[in-house]
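Following: one structure in structure tokens, then a few remarks.
Chain naming follows the written order as A, B, C and D, and within any one chain the residues start at number 1.
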Amino acid sequence: MEKKSVQDIINAFNKQKFMKFLNAEISINEPGLCQISIKHGEDLTQQHGLFHGGVISTLADNSAAFAATSLMEKKREPLTIECKVNFIDIADGSRLWAIGKVLSAGKRIFHAEAKVFTSSDDGSKLCAVALLTIKSTLRVEEIL
Amino acid sequence: MEKKSVQDIINAFNKQKFMKFLNAEISINEPGLCQISIKHGEDLTQQHGLFHGGVISTLADNSAAFAATSLMEKKREPLTIECKVNFIDIADGSRLWAIGKVLSAGKRIFHAEAKVFTSSDDGSKLCAVALLTIKSTLRVEEIL
Amino acid sequence: MEKKSVQDIINAFNKQKFMKFLNAEISINEPGLCQISIKHGEDLTQQHGLFHGGVISTLADNSAAFAATSLMEKKREPLTIECKVNFIDIADGSRLWAIGKVLSAGKRIFHAEAKVFTSSDDGSKLCAVALLTIKSTLRVEEIL
Amino acid sequence: MEKKSVQDIINAFNKQKFMKFLNAEISINEPGLCQISIKHGEDLTQQHGLFHGGVISTLADNSAAFAATSLMEKKREPLTIECKVNFIDIADGSRLWAIGKVLSAGKRIFHAEAKVFTSSDDGSKLCAVALLTIKSTLRVEEIL
């Protein structure tokens, strides 16, 4: 079985126009782990200028999905089946980043978690945790 | 207790720059229900040109949060404590919309659900369902 | 494809000794829907004599899993991949029952919801809602 | 603020008749952490003699709730607002135990996680992970 290379994963990430729209950056350091980060900008905020919850969920979901991707065969793609995020602190930093991690890699079903942090001059803190189920698929139409 | 007016809710929505960035539109027809919709655009897509999962989660979360807002006192704001989304079909339409609905409105804790649909020339279909917990707060810093 | 009969489902339910331990009863009225109910007893309570949250989760999970079973081929079995329950009211009645419903039935992945009610002399009320992902499997060892 | 003692927590646990029914045992080693364990017995099984998913959810929920309790004032009690469990491996051991851990302790809202393990002669393994929201309350009627 030929696994995906880091370049394969970066290419897949770059095909997601929504990631470019958010100016998100990916980094894969080891198989089964993925980091996605984003800089604060007005466009990404809720009513108090904090990172919007939707941006937090997006990074949580995508970091876990790409962590799963890094363990899949070259021809396979991830499909998030479900994603659950707990928002545990306000996201008031200048940067937001999520670390996705595969908890168990099955034949088709992956369980993963993600932790989302914000950082400012005062340091960084955990602002959200997520638990997800991801499917490995040959074609995105196979969602079910 | 003075409740929020529809105009209060629309004003709160307009303060979320991320909603403007996504070109999202809100509609409140009755207290405890909220619809948020968005047109398809390349910027909102994943690798196959479908609506990105992060966009789907964003609409699910926000439609439920604003549904909860519509039942809160004028001076209170919603904070999503947690949000869980199941992705049940591919989001391949030209429009995406979420309907958030409050299931139970407590003194401070609201339970809500959201259903997300896509529509195309062939009609519309359910593509995601969500279950959320939302807190009513006086200040966003009170996240916990 | 030969589907399961109602008797097949009841037989499968009766093989779950934990259901017997809880004195739970199943009823299947139409494919994709399942009801499981239980009478109040001291053994099933938390510190205030209410139904324990674990009992509520158990009924939510199992009602959804057997609803999914009712749509599966004769030789297949359900495996709950994940289950999320929101507890929206106290479970203070004399009977607890859950209604599981399949939201979407894929080739292998089922999305389902469950609603859990309690009833007393004053009537009945919704006390929990759940959202689940269930896998159809040939062998329980195929959990992943 | 007077915190609960370990004995207070054990007393609270012993008031949950459902825990006695399952023959569950609690152990609190440090504030914010709680372990609940249970021995395999036929009464706790699903159709293949494995621990029933409802038993797994019950331990996950309760270990997190008692971990939160260990950080609460003497007069306060935990109420699980919502609980999400991912089942990642089959629970085929002779013992099942959950470790609940508080991720963030707010004034009223606690975020927590739980990990559930099984052990057999071959060693132990992770079989489920959970993410929960718990409320600190003065009276259980204040569920919302």
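Convention: a contact is a pair of C-beta atoms (placed from the backbone, for glycine too) under 8 Å apart; a residue touches a chain by one contact, two chains touch by 3 or more.
Given the structure is predicted, the values throughout are model-derived calculations rather than measurements.
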Chain of greatest Cα-centre distance to chain B: D
Centroid spacing, where centroids are CA-atom means, of chain A and chain D in whole angstrom: 29
For chain C paired with chain D, centre-to-centre distance based on mean C-alpha positions, whole Å: 21
For chain A paired with chain C, centre-to-centre distance based on mean C-alpha positions, whole Å: 32
Contacts with two or more other chains, residues of chain D listed in rising order: 81-82, 84, 86, 88-89, 104, 111, 131, 133, 143-144
Graph class of chain-chain contacts, one of line, ring, star, complete, other: complete
Residue ranges of chain A touching chain C (in the complex, touch as defined): 81-82, 84, 104-109, 111, 131, 133, 135, 142-144
Chain C to chain D touching residues, read off their complex: 12, 15-18, 20-21, 42-48, 50, 52-55, 57-59, 61-62, 65, 77, 79-90, 140-141, 143-144
Residues of chain D that touch chain A when the two form their complex: 84, 86, 88-89, 103-104, 111, 113, 126, 129-131, 133
